[in-house]
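Per-chain residue numbering starts at 1, and chain names A, B, C and D are given in the order in which the chains are listed.
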Amino acid sequence: MIDHELLRRRAQELLPDDVFGYFDGGSGAEVTLAREARAWDDVLLEPRVLRDVSGATVATSLLGQPVASPVLVAPMAAQRLAHPSGEVGVAVAARDSGSLMVLSMRSSTRVEDVGQVGPFWQQLYVLQDRGVTDEVVERATAAGALALVVTVDTPVVAGKRVGLPSALPPLGIVPALDRRVVTDERLQQARDVGPRDLERLAETSGLPVVAKGVLSPAAARDCVAAGASAVVVSTHGGRQLDGVVPTPLALPAVADAVGGEVEVYVDGGVRTGSHVLKALALGAQAVLVGRPVLWALATGGPDGVRVLLDDLTAQALEALVLSGCRSCADVGPDLVHASRR
Amino acid sequence: MIDHELLRRRAQELLPDDVFGYFDGGSGAEVTLAREARAWDDVLLEPRVLRDVSGATVATSLLGQPVASPVLVAPMAAQRLAHPSGEVGVAVAARDSGSLMVLSMRSSTRVEDVGQVGPFWQQLYVLQDRGVTDEVVERATAAGALALVVTVDTPVVAGKRVGLPSALPPLGIVPALDRRVVTDERLQQARDVGPRDLERLAETSGLPVVAKGVLSPAAARDCVAAGASAVVVSTHGGRQLDGVVPTPLALPAVADAVGGEVEVYVDGGVRTGSHVLKALALGAQAVLVGRPVLWALATGGPDGVRVLLDDLTAQALEALVLSGCRSCADVGPDLVHASRR
Amino acid sequence: MIDHELLRRRAQELLPDDVFGYFDGGSGAEVTLAREARAWDDVLLEPRVLRDVSGATVATSLLGQPVASPVLVAPMAAQRLAHPSGEVGVAVAARDSGSLMVLSMRSSTRVEDVGQVGPFWQQLYVLQDRGVTDEVVERATAAGALALVVTVDTPVVAGKRVGLPSALPPLGIVPALDRRVVTDERLQQARDVGPRDLERLAETSGLPVVAKGVLSPAAARDCVAAGASAVVVSTHGGRQLDGVVPTPLALPAVADAVGGEVEVYVDGGVRTGSHVLKALALGAQAVLVGRPVLWALATGGPDGVRVLLDDLTAQALEALVLSGCRSCADVGPDLVHASRR
Amino acid sequence: MIDHELLRRRAQELLPDDVFGYFDGGSGAEVTLAREARAWDDVLLEPRVLRDVSGATVATSLLGQPVASPVLVAPMAAQRLAHPSGEVGVAVAARDSGSLMVLSMRSSTRVEDVGQVGPFWQQLYVLQDRGVTDEVVERATAAGALALVVTVDTPVVAGKRVGLPSALPPLGIVPALDRRVVTDERLQQARDVGPRDLERLAETSGLPVVAKGVLSPAAARDCVAAGASAVVVSTHGGRQLDGVVPTPLALPAVADAVGGEVEVYVDGGVRTGSHVLKALALGAQAVLVGRPVLWALATGGPDGVRVLLDDLTAQALEALVLSGCRSCADVGPDLVHASRR
C-alpha cells in the first residue's frame, strides 16, 4: 500500500516551491481542504459476512465505458509542470491500469496528443467566449473524448494562497488557449453559465455531459434537468468556495435525489480502498483522484502513476471483498453504520 | 487574501504588551474567545450552480443607508492606543472602502472629529447617569450619527485577564467622558438598563436603535418589543459573559424569531468572505469585524484598515459569486447544509 | 480572577510528590478526570438582556442554612497534608467567606476542633462497623454539624494511579479513626450500604441527609426514597468508577427527576463563575469545589482559601449579573442553549 | 493497575522491529486501530447506588464453561515470536488466572501441547482446502477444544503496513500447517466461506461454533441462522477491513438482534475494568483481549500474562462493585448514559 503522504513529501522535494504550492494548496483559508482529510475516515463501515466473494471484481462500466476500477483520474491543469511527460504520461498510466483520465481544459498538452493514447473524458469550463468553448469541444470530440465533464462550480476562479506558478507552460488544447491562462478575458470562465450551456454542449457534441461540482440535491437536480448524464459531488479539491460541506456528507442526499436517473461520482480526499468502498456505499459509481496522481507523476513519471492507480484498484478490490461484496453494483448503503447512512 | 493571524502577530510586535493584551484578550477563562475561531468554520455551505452571476454585488443597504459591503467596523474603545490616527483613521478607511463605522462610546476621539469624516453609527452604553447618556446621544446626533447601537450585554464590565492599559488616553466623546473610563461611578454602565431605556433613546434621538448583544430568540424579541430597529447577535468579542453560545449557533433562531421585523447583524470571529456568506445564509444582513481592524490600524494606519476592509469585501463578493448568488438578498438558508440549517 | 492551573502548579512545587499525586490524581485510567476539564466549557449559555440587575446577589440558602454564595467546599481527606492548618484552616476560610465546608470523615483534624470554628456539614462513609459510623455521627452532631453528607458511590475505594501518601497523618474525627485509614477492616467502607443506612442516619441524627455521588435519575430517586434531603451529582472528583458521565451531562435529568422534592448540588471540575452559573441553570442549587481549595491551602494557607472562595463568589455574581439574573433562584434552564437544555 | 502503554513500549524495546510491527500494526491506513483507543472511553457510565454488593463476583459461565472472569485471551498467531513459551505459556497463564484462551489456527505450537495445559477454544479460518480445515478441527477436538471460534471477517487477509516477520516459526497445529503461513494456496483463507461452512463445522465437530467478526445486526443474524452459538463483535484488532465501526458502537444493535438467542462477545481496544463493565452493559457476556497479552508475554513470559489477566479481572470486579452490581448477569443497559444506550 502506497503511503500518499510520503509521496506528497517526495514531490515537494522535487518540485519548485511555486509549482508544488499551486498544486497542493486550496482556496480561501483552506478550511475545506483541511477537513477533507478526515471526512472519509469518519464514515463507518459494517461489512457483510459469510458471502461467497470468489471472482469478485471492481471492474465496472461508466457511461457505458468499461473500466478496470471505479477510480478515475481527476482533471488537473498543467501537468507538464509536474513531469515532462505531462498529460500524455498520465493518459498512458490511466490506460495501462484500465482507469480513465479526465483531461483538464487547462491542459499543458494538445488534446490530439492525449487522444492518441486512448479514450478519455474532456473537462470543460464554459468560457466567456462560447466560440472558444465550442472549438475545445470539437477538437476534443475529434480526438476521441467519450464524455464532456463540465465544471459547474467555477463562475470565477477562487483566490488561492499560492497563485499560478511562474513556469506555467503554454497550454495546448486549442490554439486559442496556446498561451498563459489568465491573459485573455474571453478565455476566462463565464459568470453566466447556465442550464442552457449544458443542454447546448450535449446537443452539439452528441456526447454525454457530466456536471462536476455539485454539493446538494438541489444543485444535482438542476444539472440533471439541464441534461447531465452524470454528476460529480466535488469540492474542486478545496480550490473553489471555501467552507463547503465535505463530499462524504453531501453524497448520500445527492445520490438519493438523482442516483435513480444518472450516474453519481465523487472526489475530495479519496486516498484508500476503504474510502473507495465508502463512496460506493454512500451512492457513488466512481471516485476521482487528483493530487496523488500529480505526486506520483512528479516522483515516478508515467510508471509511478500506473503503480499508484493499480495500488488503489487493488485496495478497492480488497475492501470490496472484505465487505462481503462481489462487484461495485453489489455495494449498498447497508454497509454504512446508521450514524451516517 | 490578507492573513489575519499574521496581521495580529505584527500588531503584537508593534504595540505595548498591555495595549495588545487589552485588545486581544477576553473575559473569564476566554472560553468564548477560543471557540469563536472554529465556530464559523463548522458551518457547511452548499453552493447553487448554473446561476447567472454576472454583475453580482455585495453592496446592500442597512437601516436605509447604502453600503458597499455588509462588512461593518465593530465598536472598539480607545483606538488611539493602536495608532495616532485613532478613530478618525478608522472612519476614513471605512468611508473610503464604502463600509460603515460603529463608533465606540469609549472612543479616544471627540465625536465631532469623527463626524467630519462622514456618516457613522454611534455605540452607546446606558450609563448610571442617564443625563450623561443623553449628552452623548445629542452630540453624536449633531455630529451626523445615523443610528444608535445600544449595547445590551453589559450591565457590568466583565473582568478580563488583562486590565485597562496604563496609557489609556483621555476619552473624547463628551466633556463628561473626557477622563479615564473607570474613575467616576456615574459614568459606569447602568445595572438597571431596561426596555424603557431603548424606547426613550429611540424617541429622544429620532434615530433607529440597534440592540447589540443578543444570543437567544427571547433576548432578541425583548429588544424588538422595546423598539429596536435591528439586533446584533454578539458575544461582545468574547469580552462579557464567558461560556456563551457561539454566534453562528445562535444566529438562525434569532433570525427566525425577529428577522421578519427587523434587521439582524452578527459578529464574533468573522474573518473571511466565506464567513460573511455563512452569516448571510444563516439570516444576517451584515457582519461586524473588530480586532482585525485594530491590527490593521496598528500595522498600517488608515491605509491598512482600508486594504483590510476592501479585501474582506472582495472575498465576500467572491464567496457570493461562487455560491451562485447575485446579491446579499439572494443568499438564503438553502446554502447551509442541513446539519446546521 | 485566580488562575487555577497556576495555583495547581505552585502547589505541585510545594508539596511532596506523593501528596500532590494523591490529591491530584484519579482512579483507573483517569478518563473521567480528563473529561471533567472540558465538560462545563461545553455547556453554552444564552444570557437574558434588558433586565434590572441592581442589587443582584448570589447569597442563597441551602437546607435552610444561609450562605453567601452557592460555592461550597467539597469533602477531602487529610488536609493537614496540604498545610499545617489543615481542616481548621479551611473551616476558617469557609466561614470568613460565607461559604460552607463539608468536612471529610477521613479528616486529619478532630471534628471538635473544626466545629469550634463554626457550622459545617459532615461527610460520612457508612463503614463496615456501623457502630463506628454512629460514633462519628454523634461526635459530629455534637460538634455542630448541620447536615450529614453520605457518600453513596464508594462501596469500595477505587484503585488510584498514586496510592496513599507515606506521610498520611493520624486521622482525628473519632478515636476509632485515630490511625491510618486502611489498617482496620472494620473502618473500611461497607459493601452493603443500602437505603436502610440512609434512613437510619436521618432518624438517629435528626439531621438532613445529603446523598453524594449520584449520576442518574434512578440513583437520585433511590436516594430520595431512602430519605435524602438533597443529592450531589458527583464523580467523586474522578476518583471512583472511571468512565462515568460528566456531571454537567448528568445533572439536568437528575434535576428533572428529583429537583422538585429535594435540593440538588453538583461537583466535578467547577472552576469559574461561568461554570457556577451553568450548574444553576442546569438545575443545581449549589456547587462543591475540591482540589482548587487544596491548592489554595497549600500555597496560601487559610488566607489563600478565603481569597479563592471570595474570587469564585465574585465571579459567580458577575456571571449572574451578566446573564440578566438577580438571584440564584432567578436562574433557569432558558439560560442554556437548546443543544444541552 | 498495569499501564498497558508502558507494557507496550517495553515489548517494543525487547522484540525485533518486524515482530513488534507485525503484532502492533493494523491494516490499511490504520484508521480502525487509531479509533479503537478512544471508542470505549466515549461510552459514559451511570452507576447504581445503595446496592448491597457483598460477595460480588465477575465469575461467569460462557457456553456452559465456568470462567473466573469475562476477560478471555483473543486468538493471535505465532506467539512464539513474542516469547519462547509461546502459546503454551499463554495457556498456562489463562488457566492459572481462571480465564480461557482462544487458540489461533495460525499458532506456532502444536495444538496437542496446548491441550495438555487445559481446556481452550480453537479459532479457525475456513481454508480453501476444506479437508485441511477438517483436520484442524479433528485434532483440536481431540486435544480438548471446547468450542470452535470461526473467523468470518477474513475472506482474504488484509494488507498491512508491516508484513509477516522474517523469523516466523513453523506453525504447528496440524502437519499440513507445519510451514510458513503464506506458501500454499490451499492453506489460505477461503473466499467462498458461507453459512454452510458454519453449519458443517457445528455438525461434524459436535462443538459450539462462535462466529468471530460481526459488526452489524444483519451479519450477526446471518451467523446465528447458520448455527452459531455465539458471535464476537470484532474489528479483528483493526487488521481486516479498515474504516469499520468501532465495536462499542456496533455492539448494542448486535446484542439487541441476537442477544436473546446466543451469547455475544466483543473485542477491540478493551484495556481496563471500566471498559469490561461497559462491554457487559452494552450487551456482551465477555470480552477478548489481544495485544496486551502479547506485550505481557514478551516482557514477562507466562507469569507476566497471568499478572495481566489477574489485574484485568480485579479491575473488572472493582468496576462491577462500583457500579452497584453483584454479578455479570446483573449488569444492564441502564448503566450506560442515554447518549449511547
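Keep in mind that, in the parts below, contacts are C-beta pairs under 8 Å (C-beta built on N, C-alpha and C of every residue); 3 or more make two chains touch, one makes a residue touch a chain.
Everything numeric in this text was worked out from a predicted model, so none of it was measured.
Engineer: Where the contacts of chain A and chain B overlap, which chains show up?
Structural biologist: none
Engineer: More than half overlap in residue numbers between the two sides of the chain B-chain C interface, or less? Answer same or different.
Structural biologist: Different-residue interface.
Engineer: To lay chain A over its twin chain D by CA atoms, how big a turn is needed, in degrees to the nearest 5?
Structural biologist: The two chains, chain A and chain D, differ by a rotation of 90 degrees.
Engineer: If you average the Cα atoms of chain B and of chain C to get two centres, how far apart are those centres in Å?
Structural biologist: 42
Engineer: So the centre of each chain is just the mean of its C-alpha atoms; given that, what is the distance between chain A and chain C in Å?
Structural biologist: 59
Engineer: Which residues of chain A are in contact with two or more other chains?
Structural biologist: Where chain A is concerned, no single residue meets two or more other chains.
Engineer: For the complex, which residues does chain A have touching chain B?
Structural biologist: Touch list, chain A to chain B: 28-29, 31, 152-156, 158-159, 161, 191-195, 197-198, 211, 213-216, 218-219, 222-223, 226, 240-246, 249-250, 253.
Engineer: Can you name the residues of chain A that touch chain D in the complex?
Structural biologist: Checking each residue of chain A against chain D gives 1, 40-41, 43-54, 56, 271-275, 277-278, 315, 318-319, 321-324, 334, 337-339.
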